[in-house]
Amino acid sequence: MEHIIQQGLLVGVLATGVRLATPFLLAALGEMFAQRSGVFNLGIEGIMMMGAFFGFLVTFFTGNPYFGLGSSLIVGFLMGLLMALVSVTLKAEQGISGIGLYMFGWGLSGLLFRLYVGGITSIPGLGPLHLPVLSDIPHIGSILFNHNWIVYLAYLLVPVAWFVLFKTPWGLRVRAVGTTPEAADTLGVSVNAVRYQALIVGGVLAGLAGAYLTIGQANMYADNITAGRGFIAVALVYFGRWNPWGILAGSLLFSMADSFQLWVQVMGITFPYELAVVLPYVTTILALAVSVGRVWTPAALGRPFDRGSRG
Amino acid sequence: MKRLVLYLLLIMSLVVFTACGTQQASPSKEPTKETPKETKSEKIKIALVLPSTMDDMAWSQSMYEGLKAVQEKMGKDKVDLAVSERLGNAVDAGAAIRQYASQGYDLIIAHGAQYQNVLKEIAPDFPKTSFAYGTGFQAGPNIFAYDPQAQEGGYLLGVLAAMMTKSGVVGVVGPVEAGDAVKFNYGFQQGVTKTKASVKVRVAYTGSFNDIVGAGEMAKVHMDAGADVLTGSSQQAVGAIRAVGERPGKYWLSTDMDQSKIAPNTVLAAQAYHWEKIVSKMIELRKQGTLGGQHLILSFSDGTLELKYNDKLADKIPKEAKDAVEKAKQQIISGQLKIELPKK
Amino acid sequence: MTQAINHLEMAGITKRFPGVLANDDVTIEVQAGEVLALLGENGAGKTTLMNVLYGLYQPDSGEIRINKKPVHITSPRQAIELGIGMVHQHFMLVPTLTVAENVALGLVTSAPVLDLKVVSKKITEISSSYGLAVNPEAYVWQLSVGEQQRVEIVKAIFLGASLLVLDEPTAVLTPQEAAELLNLLKRMAEQGRPIVFISHKLNEVMAVSQRVTVLRDGRVVASVKTEDTSAQELARLMVGREMTPRRREGEARPGRTVLELRNVQAANDKGSLALRGISLEVRASEVLGIAGVSGNGQRELAEAISGLRKVTDGQVFIGEREVTNRTPDKMIASGLGYIPEDRLHVGTISSFAVWENLVLKDHHRRPYARSIFLQNGPIRSATASLVGSYGVKTPTLDTPTGRLSGGNIQRLILAREISRSPSVLLAAYPSRGLDVGATEYVHTKLLEARKTGTGVLLISEDLEEILNLSDRVAVLYEGKIMKTLPVSEANERILGLLMAGVA
C-alpha cells in the first residue's frame, strides 16, 4: 500500500475515480435506453435499492455473491416491467410514476430488510479480478487493474451500448420510437413493445448497479444505501446527451471530481470541506453549462403513445 | 380498470412505505384527551423520532436500545413505546412530533441536533408533555437537551489510536462537520497528538450522515493513503467499518455503540452511550414534576459514557496502551484533564 | 416483393369514433394499372378509410378484399406484408435518422446487426429506376419536403408495396414538384400498380386519375369515371352545393401606403440570414400576394413585420410611423392585423375558451375591461355576436379553442383580426389545410377587408389563391424578392419559374 503515496496523488485519484464511476455508469446506460425509447424513468433510484437489497439478501442466505447478483438482475427486470406497465400500458404521468417506483423500492427494501435480516450484517463480496498482464504492470497495475469484474463490465458496456444503439435493428427501433413513434408505428414497429424492452434493459442495469453497491463496494446493506446515486445517474444521461460516450465522460468527470475531493481531504490539503463535498456537483454543472450547442433531446420523451389521438 | 390497477399500485406502495416507517405505533386506539401526568403515574408513553432507522448499528439504534432497556427494566406493561423512523428532515419530523403530542404521549424524544427548532415551536402548545432532543444544550420549560461529551471518548480512542498505529497515520471518516461529530473529532485529535506528537491525524468529511457506500470509499482512500487505524461517527460509519474489515492489519475505533459485530476482527474498542441512564433520569425528573428545562450531560464521570474493548481482540492491545487509556480516563473523570472544544 | 395486388376492394366499411361516424358504409374499388382518386373535404373520412386499410384502425363493420380474397388487416406490419404502401399526409419519417435508417426500420429481420450498406444499395436501385433522387446517407431533417416525400415513396416500394396510397401528397410541393409527382404516379400506374390518390384539389384529380370516388360526411356520394365528369361537377359533389372560386372584383384602387419595408434583413432560428434585404409596399385597398415555396423566408418575413423577430437591418413602417423592432403590442396598436401560419399555437391559445381567444388582443381595453377587472357582460355579448357573424361552429363560448376544427379556428382568428378594422392585414397561409368550403370563406373575408380599405399582405404557396386574390404578386426566393408584377402579367408558369429561382 505504501507505494501509492510514492506514485503520488494522481494514481490514487484515478484508481478511486474509476471505481466510483461504476454504479453511475451502469444505471445511466440503462436509463439512456429507457429515455431513448421515450420513457423518462425517475424510479432508477428505487430499482437500485431493490437490486442492492436482493443482491445482499440472497448473498446473505446462500453465501454466494453470484446468486445475489442473479437475483438483483431478476429484481431489476421485474421493476423495469412494473415501470413499463404503469407508464406505457396505463399511460400514467412518467415523472409521478417514477417517484412512485422510487418510494415503492425504498419502502419495500427497508421493510424486507427488517423482516428477514433485522440488523446490519456484512456479506462476502466479489473479490478483485486479477487480469493477466494488466494487473502485473508494476505500480499502476495493482491500482488501476485491481477491481472486481463488475467494474470492468461497466466500462465494457459503454462500447456495447453504443453498438447496440447505433448498429443493431433493435437500437434503431429504440431511437425511432423515442423520436417519432407515429412513424415507427406505420412501419409495423410496436412502439409499446420496444418501450417495454428498453425499460426492462434499464431496470436490469439499474439492478446490477444496485448489486454493485452491496456486493461489490460496501459488502453490506443499510437503509437508503443508494443515497441518491440513481438520481445522479438520471442527470448524467442528460449530461451525456443520451450517448454512451457522453455518459462515460459525465460519470468519469463526476467520479473523478469526487475522488479528487476525497483525496484532497484525506491528504490533509487545506481546503474547506463544504466546498470539497459539493465539488463533483459543481464541476458537472459547470461542464454542462459551458459545453456549447443546443441540446438535442428525444422528441417523444415523456409522451405516451396513443394511436387513436391521430386524425 | 386501468385506473383501478393504478390506484392499487399506489396504495400498495403507500402501505409498504408507511408500514416500514412506523413500527409499533398504534397510538390512535388510546384515549387521547387525558392529562398524562397525574393519571398515568404507573404507565408512561414514550415516542421516539429517529433520523435513520432503529437498526442502523449506530446513533439511532443506540438510543432505541437504550429505550428498550428502560422498558425491560420497568416492565413491558409500564412503558408504551412508539418509534418513527427515517425522519432526518426536521420538517417531516415536526408533523410526527405534533401528532404524538396530541395523542397524549408523555415523553417525546427527537433524536438529533436538527430537531431543536422544531421542538421550540411545538413544545409551548403542549405544556404537559415533555420533549427531548440532542445533541444540544438549549433546554426549554418542557424540553430536555441531552449532550453526550463525545470528546471524552474521542480523546480516549485517540490515545489508543496513537499507541496502536504502526504507519504513523490515523484517519477519521467524518459525516457532516457539526454537532457530535466535531466534538468527537476534536477529542480524538487531541488524544492522538498529546500521546504521540509524530502521529498524523487526517480528518475528512463525506458531507452525509447516511451514505454508507461513500463512507466505505472514504475509508478505502484513507487506507490507500497510509492510515492503519481509523475512526468515525454517525450511522454511515458501518460502511467504513466493513471496508476496514476487508484489509487485515487495519483497525477501527467505534463510537455511538459497540459495533464489533460488523467486523469482529477489526473493531478494537468503542465509546458506548448509555442512553438508558439518561432516559431513566428524564422519567424520574418527570415523576418529580420537572417536565424539562434541564441540560443533561452524558460523560465518563457518571458512567453514561463507557469505553468497551472488543474481547476478541483483547490480546492485540498491549498493556501499556490500555494503561495509557485508563490513566487518561481517570484524569478526565477527576477533571484533571481538560479537553478543548471548538469555539462557537 | 410480396404478391402483386391486382384488385383491391373495401366493401361497406363503417368506422365510428366516440360521437363521430367517420366512415359510413363506404365502398371503394381499385385495379392494377389505374389511379383512383379519393376526393373529399377535410373531415370527410378519407384518411380514416385509409388508416383502416393500413391496419391502424379496425373497422366496426365491412370487409377488405385483395385479389377478391377477404383479408383481415390488424396492424401496419400486416398491411406491409400484404403489399400495401402508404405515404401519409404528415410524413412518417424520423428526422434524426438517415434515409437508409428510416427505411431499415420497417424491415423484418432476424439479423442482430444492421447492414445499412445493403439497404443503401437497394435504395439507390429503386431511386434510379423510378427517377426518385434520394441520398440514402442524408439525415431526414436535412431534406426539403419534396425530398422527404420521395423518401416516403422509396420506402414504400422498398418494403414491397404493390399498391400505393398517397394522402394529400401535393399539399406541400411547388407546382413543378407537384406536376412531377403526378407524372410519376401516372407512370407507376402504367407499369401495373394500383394507386389511391387522396386529394381535395380538383385539377389534380382531373389530371391524374382514371376513376374518382367522392366522400362527403363519411359517405360515398359518387363513384365515377374521370372522363365522364368535370371539375365543376366534382366540386358540387364534394361540397354539396354550387361552388364558385372567389376572385377579387373591380380594378385596384390603391390608396396611401399602409405598410412599407425598406431593405429588411433578419436571421432564422439557426442564426443564418433568412431575409436578405426585402423592400416592399402595401397600399390601402389592395392585396399584395407573396408567392414562393415555404422555407424561403416567409416565416421570418411575417414575424419581422409582426414584431416577433428581430430585424437586423432595414426599416419597417406601418402607415407613416416607423415600427422597426417594436414589440408586438405596438405593432397591433399601429394598426396591424395578423393571421399567423400556425393557427393552433401562434394564432390562438388552444386551451383557452373561444371567448378568451376572441378578446385576447383587446381584453385590457374598454369595454372589455375596466381598471383591472374583465367585464363579463360586454365580453360575452360582443364575442357571441362575432361567433354568430363569422359562423364559428362551437358548442359554447366556453369550449377550449383547441377542440374546434381548423376551419373554425381560422374563422375565429378572422373574426378577431378583421373586426378590429386594421389598416394592414398580414395573412400567412390563411387557407393551408382548410377544405374547399372553409377556404372559400377565408377568401371572401380577405376580399371584404380589401374592399373596406385594408391593405392585405397575403403569403401563400397556393398559386391559384395568389392569382385569384392578389392585385400584385411578389415572388420570394431565398430571402429576396425575385420580382414584383401586376397580376395581369402573372400566370402559374411564370410564377413557378420565379419560385424556383429562375429569373
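Here the chain labels run A, B and C in written order, and each chain numbers its own residues starting at 1.
The rule is short, and it goes like this: a contact is a pair of C-beta atoms (placed from the backbone, for glycine too) under 8 Å apart; a residue touches a chain by one contact, two chains touch by 3 or more.
Values in this document were obtained by computation on a predicted structure and should not be read as measured data.
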Original post:
If you tally the C-beta contacts, which comes out ahead, A-C or A-B?
Top reply: A-B
Subject >> Centroid-based (C-alpha) most distant chain relative to subunit A >> reply: C
Subject >> Chain centre separation (subunit B, subunit C; CA means) in Å >> reply: 71
Original post:
How far is the middle of subunit A from the middle of subunit C, if each middle is the mean of its Cα atoms, in Å?
Top reply: 46
Original post:
In whole angstrom, what separates the CA-based centres of subunit A and subunit B?
Top reply: 32
Original post:
Can you list the subunit B residues touching subunit A in their complex?
Top reply: 2, 5-6, 9-10, 12-13, 16-21, 23, 52-53, 55-57, 86, 167, 171, 177, 200, 202-208, 210-214, 216-218, 220-227, 235-236, 238-239, 242-243, 245-246, 261-263
**OP:** Sort out for me which residues of subunit A touch subunit C in the complex.
**Re:** 167-169, 171-173, 175-176, 179-180, 182-189, 296, 299, 307-308, 310-311
Original post:
What residues of subunit A sit close enough to touch subunit B in their complex?
Top reply: 1-2, 4-5, 12, 15-16, 19-20, 82, 86, 89-92, 100, 103-104, 106-108, 110-111, 114, 118-122, 125, 213, 217-220, 222-227, 229, 259, 262-263, 265-268, 273-274, 276-278
Original post:
Which residues of subunit C touch subunit A in the complex?
Top reply: 17, 47, 51, 54, 56, 75-80, 86, 88, 90-97, 101-102, 104-109, 111-114, 159
